[in-house]
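The following pair of complexes shares a single chain, chain A, combined with chain B in the former and chain C in the latter.
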Partner chain A sequence: MKKIFFIIMVFFTIQLSADKVELKYPLTNVVETTQWPLIMKEFEITTKLGHCGTGMKYSLGLKAHMIEFVGYYERSDKPLNFIFVGASLDANPVKANTPYESNDNGDTPKTQVTNSHFIKLPLLGMIFKKKLAFWCLQTGVIEIPYLSEFDMTYKHDYMGMKMIPQMVSMFSPDTLISGVFDCAATETAAVLYGNTEADNMSYNEFEKYSNKNSAMDKASENNNSMSRTDKIKHGTRDIVNGIRNSIYYVDGCNGFSPVGGYQDGNDPIVEGHNDFHGISNILQGASLVTNNEVFKKQSNFSFLPPQGSNKAPSPVDTMCRPAKFAMPIPSQFGLQEVYPVIGKLKEMGQDGISTSTAKNVPGSEGVVFAVWERRDYFAFAYFCPN
Partner chain B sequence: MIRIFLFLNLFLFLNANELNYNNSLRIESVPSPYYDFGVCGKEYNITEPDMYEIIMKGVQEYSSEENIAKIKTEVRKIVAKKAVFISNKKYCSNNYSTEWYNDYYKYPENIYNPFGRIIHKKGELALTPSIPNEKNLCFVDGKNKVNLKNQIAYFKKITNGNCIFSVSNSDVRNLWRDFPGTDFYPGSKKIFERFDIQCVPSILHMKGSKIQQEYFSIEQFKRGNL
Partner chain C sequence: MLKKILLITISTISLFAFNPDKYSYMINDHIDSNGTAKNIESLNKQFKKINNNVNYDFAKDFKQKYTNKFKGLTYEQAKIYINEFYRENDFLTKEESMLLLDYVFKVRNYTSKYANNFILYFFTETVPKSSISNILLSVSALQDEGINLNIKEYLTGPADNLQNYLFGWNDFIEKYPLKYQKNITDNFHLKFDPRFFKVYEIKKAPAMAFAHCQSLLPTPKTCKIDFLIRGDTSLLTFFDKISQIDKKYLPYKKILEAKNIYEVEK
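Let's turn to the complex of A and B:
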């Protein structure tokens, strides 16, 4: 009798938890799925002066920091299935069932490669164009710069080695040890950016969070306590971001940046993060796969100082305009899960051990993340990319 | 000039309001050490709409059913365009192959180690990582459908199916359907350049760190010649 009662209880529990889930495609419900308050939360402007241009184009500006939503990154087992908008292009399923390239011993890994897409959709810039010129938002039209179905390096890692060998050359025991520092730096950055609260939240919780007043209040609270502590916080953030970007071949706590799309299939959320790190490398123009770089360097950071030196070399200065930088820049991006459940922004490489496995929704078509991109710039003087 | 004017305005505003504490402030900030001088004159309610509300309204409108339908159509168009690589690469006129030679890769940018030292300079050549087993990359052209099918069948036969296909001038989605279990990808100009492919149809053989190009006359793939 007890057993029957237990089974009934389990059945109803599953039913109830299933009822709570609303599988809405992210773009059809873009207000609720996207963590819009972030744009207010992370926007900062200081009184530090800077200038851009020379001669007639000379202009003065104030040092500022912002974050904006630039598009979706998604993974699906079904090829050409665009979950972000709910469009399945009915590709031949045979393509999906082709196993991942076998390893050198002839063994075929237990799982199959999934399909990844990056959809460039800078919504705010597309909608408001020049109305929010102060922010210098990215504009344009919808683009799909990366489709793994059409990228031979994704499923065949030897082609990745031929097209992106610089990442492979970094694989060594020494560099693996440096991954520990990268993981620690990533977690610290998450604390400093305030991205360590619960991984996921329900719609109600999100509505509460996205309430504009609470976002404003939060910003106001931050400002009132703007003090020496904040200064230290900003300084520490710059240091940890320098570490993260210096160890560019490691994806924080998720291990090496992947060359190719193979993942072991244990946790689609964590694997999605790791996969995006590899794809961001391609989108930065490090590979010959894409014709043009989609992401450019637009954040301010320094590499670690060389041994015996106190001065950290700074890569190309991008306070006035973005520049090509053919390596992943983990501190410049954040991923926010928007399907099948809505999550909060996470730093790239954050939380290797995640609770997300338990929250994967049975029956979902895959995973979709909103991609957020940061920028450090001189407001009023920056040469907007568009 | 306008930028300088805007900047000066803002700078004066900041100083006038004594917001310059700790050299830093946020856009919606309320200064903590402020002075209340009271109210002088008539007060007016703010009539401008809230910026956040404007943003959210615009975003909400973007996800209307009509717009979503447009985006779906746009996605289909983008995929259809990306599935075909249009190429004017010349056809090979006779069969020949190169010697096996070391495959060097040219670094596209400076590569740094974690301590900021440049470990590979832009333009530097490096030997690519070694591949234990032989792999093949087959370049086929689909301007003529019969030719294309012959090229695919022949290349699969001579490589024992150990070939991934880089396809020009044909929609790879159709090939996924017609040749299940075979990998087809749209070609690219950069892949041609990377492996120095002179003409099509051809095969790039890869083993260890060496590569070899093998070219095939297009004539042998024409109807009835194979």
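Let's turn to the complex of A and C:
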């Protein structure tokens, strides 16, 4: 009898201790989950002069670049489930989560529509406000400008297509081939910003990885018409980002930009990345017609083609203040996984399969990403966003 | 009355919730009208011919194209895709598209294969501007000779008078002739990263390091610092000291000796 009692007690203690082990939600652990060193890594200020405003508002500034944490983007199977803070409203799942199968022949995989939220949280701006004037942080309060549960276009492709005619008109096999450029440019941008898998390696490992010889290496060695330093001087990053942003209908290496929230349910992280492309497009578009100005253009890039001339001009000058812009800007945003596993920043459309994907916890409630936004601006003269 | 309401709700739910495919069919109609669905099928066959190992699958259903990925393509694979499938248009010809691809892969190759050489300069606001600009001009002299060298300047931290300090820099640069002004501004990249000061125990500024990094944005983890000199030295003396240890840096020293670095009158 004592033995049985002992076994039961042990069983219960294991159960109790198992209950205690749970993942921390990103907002309750914001210091540890967010990749704060990015701020130091990307911030840069130069002595290149510029000016903003006219008349009495005329002011001089210096060209600068920065990145800041602007909020969370989350994706969950359960409707109205806010994983970023660990709160659920237990909504009726009948309409909100509709798994369905594609039509003919039956050889297509099962597909699923999950629920996506974007939570605006300019945390650093909330803390520092206007004290760090040169940094010009976004200020404001916590708000949820996008809830897919209340977006009809997210659940029904036919309606979704009507919302994004500029995308749908480009969906064809011919345009899909341009995804080769977009993917290559995205991967290159990741190398330039130092957001590759190689970044996780120690330096010796990196040297082994980078010494692999390929046909391209030999080709480039033979053709040394332009030295690398020249390329950097001519704004390599601008042109690479220009290619990414010009091919706006392709989300880097993840294929076409999604219509609504339709995904095949294979990899929640890659799908999350792809979904954010669609949602950023909707939010950029919404800033044109509504007062809800969540995403605007605030980074510099030059549009295609770089052939002949060094670069085409940036479409809208946003060195003094952000501007409304109808298309998604992949080079302006980066996603960093914060739940269920803490990952590193990845460019929009960057190769989804990584070590963090392998670590993905099956059966978890969903995925949460920290959204990082870049800005090119004239420091000390910029019209700081509220 | 209740029955009617119930009937309406059930019918609407069944329309929107249980039969969402009704709308997805419409996409297929849209494709067929353009004749692109047939193209996809033929493309699918051709793609499979090129590379059996690649899992790019142009399936019948258009939606499945979202999962198509071009990630990890080598230069040669990408070249085949463009050669075979890129159709010429007014926006970008095939030749131009190949050049574009060349360019993108070349940039990636350079940045990932060859480690980026960096001069990391650590300083405070009290360090004279002339000694910093001397280093910036020396770096630009090396760059003009085709040497891969970048420079980043790290200030100990942003001070209250940062605005005055930086505009003071602008006034200082104006003392130089016009051709040197550009060389200084092109290499002036001010950054704040206290991690470097902590990791390399830099308690007194200025200090100068020669590092090679994985990307164009140095961090203590992804950069390997080979040499670190503490104190106010010029780049010439820095490479002079280094080349005594490693002969690889002797050309750097010779270039700097041959070129006169312009100095402003005090």
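The rule is short, and it goes like this: the second predicted complex is superposed on the first by the 291 of 386 C-alpha atoms of A that agree within 3 Å, B and C clash if a C-alpha of one lies under 4 Å from a C-alpha of the other, contacts with A are read in each partner's own complex, and residues count from 1 in each chain.
As a working rule, a residue touches a chain if its C-beta (ideal position, glycine included) is under 8 Å from a C-beta of that chain, and two chains touch if they have at least 3 such contacts.
Since the model is a prediction, treat every value here as computed from it, not as a measurement.
In the superposition on chain A, A:G194 contacts chain C only, with no contact to chain B. Contacts of A:P315 after superposition: chain B is touched, whereas chain C is not reached. Residue contacts after overlaying the shared chain place A:L124 against chain B, while chain C stays out of touching range. In the superposed model, A:L60 makes contact with both chain B and chain C. By the touch criterion stated above, A:K48 is placed in contact with chain B and with chain C alike. After overlaying the two complexes on the shared chain, residue contacts for A:M159 are found with chain B and with chain C alike.
Contacts of A:C384 after superposition on the shared chain: neither chain B nor chain C is touched. The residues of chain A shared by its contacts with chain B and with chain C are 40, 43-48, 60, 62, 94-95, 98, 104, 132, 155-156, 158-159, 161, 178, 215-216, 219-220, 223, 227-228, 231, 304-307, 380. In the complex of the two chains, the chain C residues touching chain A come out as 13, 16-17, 20-21, 23-28, 30, 34, 36, 39-40, 43, 58-76, 78, 81-82, 85-87, 91-92, 96-97, 99-101, 103-115, 143, 146-150, 152, 158, 162-163, 166-167, 169-170, 173, 184-186, 188-195, 213-217, 219, 221-224. Residues 3-4, 6-7, 10-11, 14, 19-30, 32, 50, 52-53, 55-56, 58-63, 68, 71-72, 74-76, 78-79, 82-83, 103, 105, 107-109, 111-112, 114-117, 120, 126, 128-129, 131-133, 135, 137, 164, 166, 172-173, 176-177, 180-181, 183, 185-186, 188-191, 193-194, 206 of chain B are the ones that touch chain A when the two sit in their complex. Residues 27-31, 34, 36, 39-40, 43-48, 59-62, 80, 82, 85-87, 89, 91-92, 94-95, 98, 104, 123-124, 126-128, 132, 141-144, 147, 150-152, 155-156, 158-159, 161-163, 165-166, 168-169, 175, 178, 212, 215-216, 219-220, 222-224, 226-228, 230-231, 234, 246-247, 285-286, 288-289, 291, 302-307, 312-313, 315, 324-327, 380-381 of chain A are the ones that touch chain B when the two sit in their complex.
Those residues of chain A that touch chain C in the complex are listed here as 37, 40-49, 60, 62, 94-95, 98, 100-105, 107-109, 111, 132-134, 155-159, 161, 171-174, 176-185, 187-188, 191-194, 196, 198-199, 203, 206-207, 210-211, 214-217, 219-220, 223, 227-229, 231-233, 236-237, 239-240, 243, 253-256, 258-259, 262-264, 266, 274, 304-307, 351-353, 380.
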